[in-house]
Amino acid sequence: MDARAKASPMPPAPQRSAPEARDVAAIGQAHLTRARMAEVLGTLGVALLAVCVLGVMFGSVRIDFLRALTQPSSPDHAILFAARMPRVLMGAVVGAILAAVGAALQALVRNPLAEGGTLGISSGAAFGAILALVFAYRVGGGAGIVPLAGFAAALLSTLAVYRLGQMHGRIEPFSLLLVGVIFNTFWSALILLINSVVNLYQTRSILFWLVGSLEAPTYREVAAVGALGAGGFVWLMWHARDMNLLSLGDDPARDLGVDVDAVRRAIFIATSLMIGAAVSVSGMIGFVGLIVPHILRLAFGADHRLLMPASFVAGAAFLVAADLIARLVIAPGELPVGVITALCGGPFFIYLLRREGHRGIAL
Amino acid sequence: MAVLMLGAALAAWACARQPIPATPGQRIVSLAPSITETLFAVGAGAQVVGVSQYCDYPRAAARLPKVGSFLTPNVEAIVGLRPSLIIGLDTASNDRELRALARMGYRLLLVDDDSLEGIENGIGRIGAMTGHGAQAQQVLDSIRARMRTVRARLERVPPRKVLMVVGHDPLVAVGGGYLDELLRMADCINIGAGLGTQWPRLSIEYIIAAAPEVVLDGQMGSDPQTPAGFWSRYPNLPAVRNHRVFGYDENPVLRPGPRVAQTLEILAALTHPEIFGLPARSPGGRR
Amino acid sequence: MSPPLLAARGVAAGYHQRRVLHEVSLQVAPGELLAIVGPNGAGKSTLLKVLSGALQPWGGVVELEGRPLQTFDRRALARRLASLGQESGSAFAFTVLEMVLMGRAPHLGALRLEGERDLKVAQQALERFDLLPLAARSINEISGGERRRVLLARVLAQEPQVALLDEPTAFLDLKHAAEIFSRLAQLRDERAMAVVATLHDLNAAALYADRVLLLKDGRAVGCGRPEEVLTRDNLRLVYETEVYVGRNPATGTVMVLPAAR
């Protein structure tokens, strides 16, 4: 009991103090209201729109928008509609997926340092996708097998990391992260193993997967990944309140009416599906799922009913912005966007690790 | 996969253990495909006892013991071949291994294959070091003659804007080096040149803006399962509109050796089909 | 006497191969406070887990409103039965108010935000445990005692018919412990809520409980009114130490003191 609480006199009887009691609803940021949800999501939505407009306006070359819109045969038109727009849209879709998945995984393992990248799930998905890519070409399979293999490998990774991160039935935050590190190393080794038996071009493509990039997507890819992402997101949203309860621990969540196993299964499958889809088109773009939910949590609170949609929108804005930077810094050449997110995310992760370590992650 | 790997490892091991064929004179180890080609072209093929894992031309070279790649030469395998001369590329990636070999007292020859001048010098020096100086000179003369022929046919032809990429996934283009020189010889304006790096990673936006009339995509040549699908996303590119997107085989195009003249002929044919006739079905000509 | 709200009949339970409870029976009526007491390892918490449905009994049956516990779905059960466990907080910085509002979860659909009535219930629960000034504070920034009260307020916000409390006064000082018992007693009277609490403190059990269940090695040694169960003979047998059993001069209830030197 801290000193301040001791010093304050105990109000006599609750009934008598009731008339003067402050109305809880008036305590602004203390809980989630519809108005606050609308305000936050509205603001983030406007920010996303603004970033997308910037992303479409600027690029490695300057274009004439009038000509782009009026002359369908002009290069300006092609740059705008065939190159820039699908890329901005793909950035938004992948960013939304990565951030929402990060927030959901953090609730699942009760650890704000969790993310597809840090838990080794993205590299698992990348391994699955690369394996499918190499073998699909060998046996002449369709392109649809690549995201599917990514999903399967992501699910396998998630389950394995989740099981191995537990000690005596409890998730230990640091052993979980260590398992994630080891999984990353393990999958990377397998990827390099594949790398050493394929030809020169596939080698280059594999490298490109490892860094993560949004280069040259098609509208069809955007639509396919967008549909998977939206589906997974709705599924996760359905369990957003359960994520709040799950973060208290399995027993309290169960006592508050959560079917813990069902929620966990939903998070496993939905996040794996989403990561598999995102990784199959963009490779491993790290740290988005770490940075975005964390900042949103600081700004708008921990309630997943707001955190999840806010991450979805803000993650989209974040990756579009990061990709804009990646396209501009060495124009007309370009950096893979994974370089930008890793440059932001690495130091951020260290900061979080020190902070959480200092506080002793409450479980 | 694991079985495959194991098999490959065993095969490599078995190769390394083969009794070394007795050859008169020098025992040469080559660490790059272009060097191996030069050795065979100047008539020193019989002295070669080991090659890099990427050396597959000429066919006789493919059967020689493998000693790793030019990126990671296998020092033990090289020493096991008791070479009297090791010829490698002057790049940073194999610096550590080469220094180790030099410390052990092996004779090293490093050649530069980045530029046409470097390639020609390399052919001359390899010829001289192996006692085939005269043949090397013949090779060089033949290269220059074939190049002159190509140049002559391209006189008074308007230059053509060309994009040459190693692959589209990612889009890494030819920006400098001997390929850029060859493109210029083939009367092309290389849109990847002048960006400050030898292998620039280009954005698709830049490519659309630069509007190349011909696209040469190495990924398509080596991997026939990848159709021209990638480029058909950008139907407004002049090259796509006019069906001038071609693949090329990395062998010989990406081999900066005695076949540079052939490479020039391929590039000229692909970029000026109206002069040289439409390219054959398998551009770059597999052996 | 009203019919039992919650009843356990011949319950046996344990973990892995280790049997912790043998043939324990109890029943609680609406508006009754039952204290489960006994030494460490007697099976108090295990019994509570069986009663909450968190642990499947090996034998015997637990019934709520005359229906076996397993026939309730999770949410329906959570609307009737609330538990206070030994949880320590959250990985994320929820506010005190958000934490208490989580007690409303079983009453709301998946996508519904808390409405006016839910807020009112939470507000009353916060008031009940003097937490209103802390409502906007992060759950991870308050003291252990305050957090305990927040969890009690959450149990209250759940509006259950039965509250199962594992050591409700752990981490609380004398004054707050007393406050909590008096408030639990109020709730019991106002809402006819049944309370089952494990307690270390025999004097608290004697003072506040309507009935006491005394456990030793997973077996019930006695169950009944405090003065019937908390006898010198029973306590000597259960705790294996000398005790003095007298009367609290202020309240007239049973008082237990250690008497071994």
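Note that the chains are named A, B and C in the order they appear, and that numbering of residues resets to 1 at the start of each chain.
Assume contacts are C-beta pairs under 8 Å (C-beta built on N, C-alpha and C of every residue); 3 or more make two chains touch, one makes a residue touch a chain.
Since this is a predicted model, take the numbers as computed values, not measurements.
Chemist: Using mean Cα positions, find the chain sitting nearest the overall protein centre.
Modeler: That would be A.
Chemist: From the centre of subunit B, which chain's CA centre is farthest?
Modeler: C
Chemist: Measuring centre to centre with CA averages, how many angstrom lie between subunit A and subunit C?
Modeler: It comes to 40 Å between the two C-alpha centres.
Chemist: From the mean C-alpha coordinate of subunit B to that of subunit C, what's the distance rounded to whole Å?
Modeler: The computed centroid separation for subunit B versus subunit C comes out at 79 Å.
Chemist: If we count contacts the way the header does, which residues on subunit A are in touch with subunit C in the complex?
Modeler: Going by the criterion above, the answer is residues 1-2, 5, 8, 10-11, 14, 17-18, 21-25, 27-34, 37, 106-107, 110-112, 173, 237-242, 244-245, 247-249, 251-252, 254-259, 297, 301-303, 305, 359, 361-363.
Chemist: Which residues of subunit A touch subunit B in their complex?
Modeler: The contact residues of subunit A facing subunit B are 59-61, 63, 73-75, 77-79, 82-84, 131, 137, 140, 193-194, 197, 199-202, 204-205, 208, 213, 215-216, 218, 327, 331-334, 336.
Chemist: In their complex, what parts of subunit B are in touch with subunit A?
Modeler: Subunit B residues touching subunit A: 1, 4-5, 8, 166-172, 195, 197, 200-206, 208-209, 211, 218-219, 222-223, 225-226, 230, 233-237, 250.
Chemist: Please give the residue numbers of subunit C that touch subunit A in the complex, ascending.
Modeler: So the residues of subunit C touching subunit A come out as 52, 54, 74-79, 82-83, 85, 87-98, 101-103, 105-106, 108, 110-111, 113-114, 116, 119, 122-124, 126-128, 130, 132-133, 135-136, 140, 142-146, 158, 172-173, 175-176, 179, 183.
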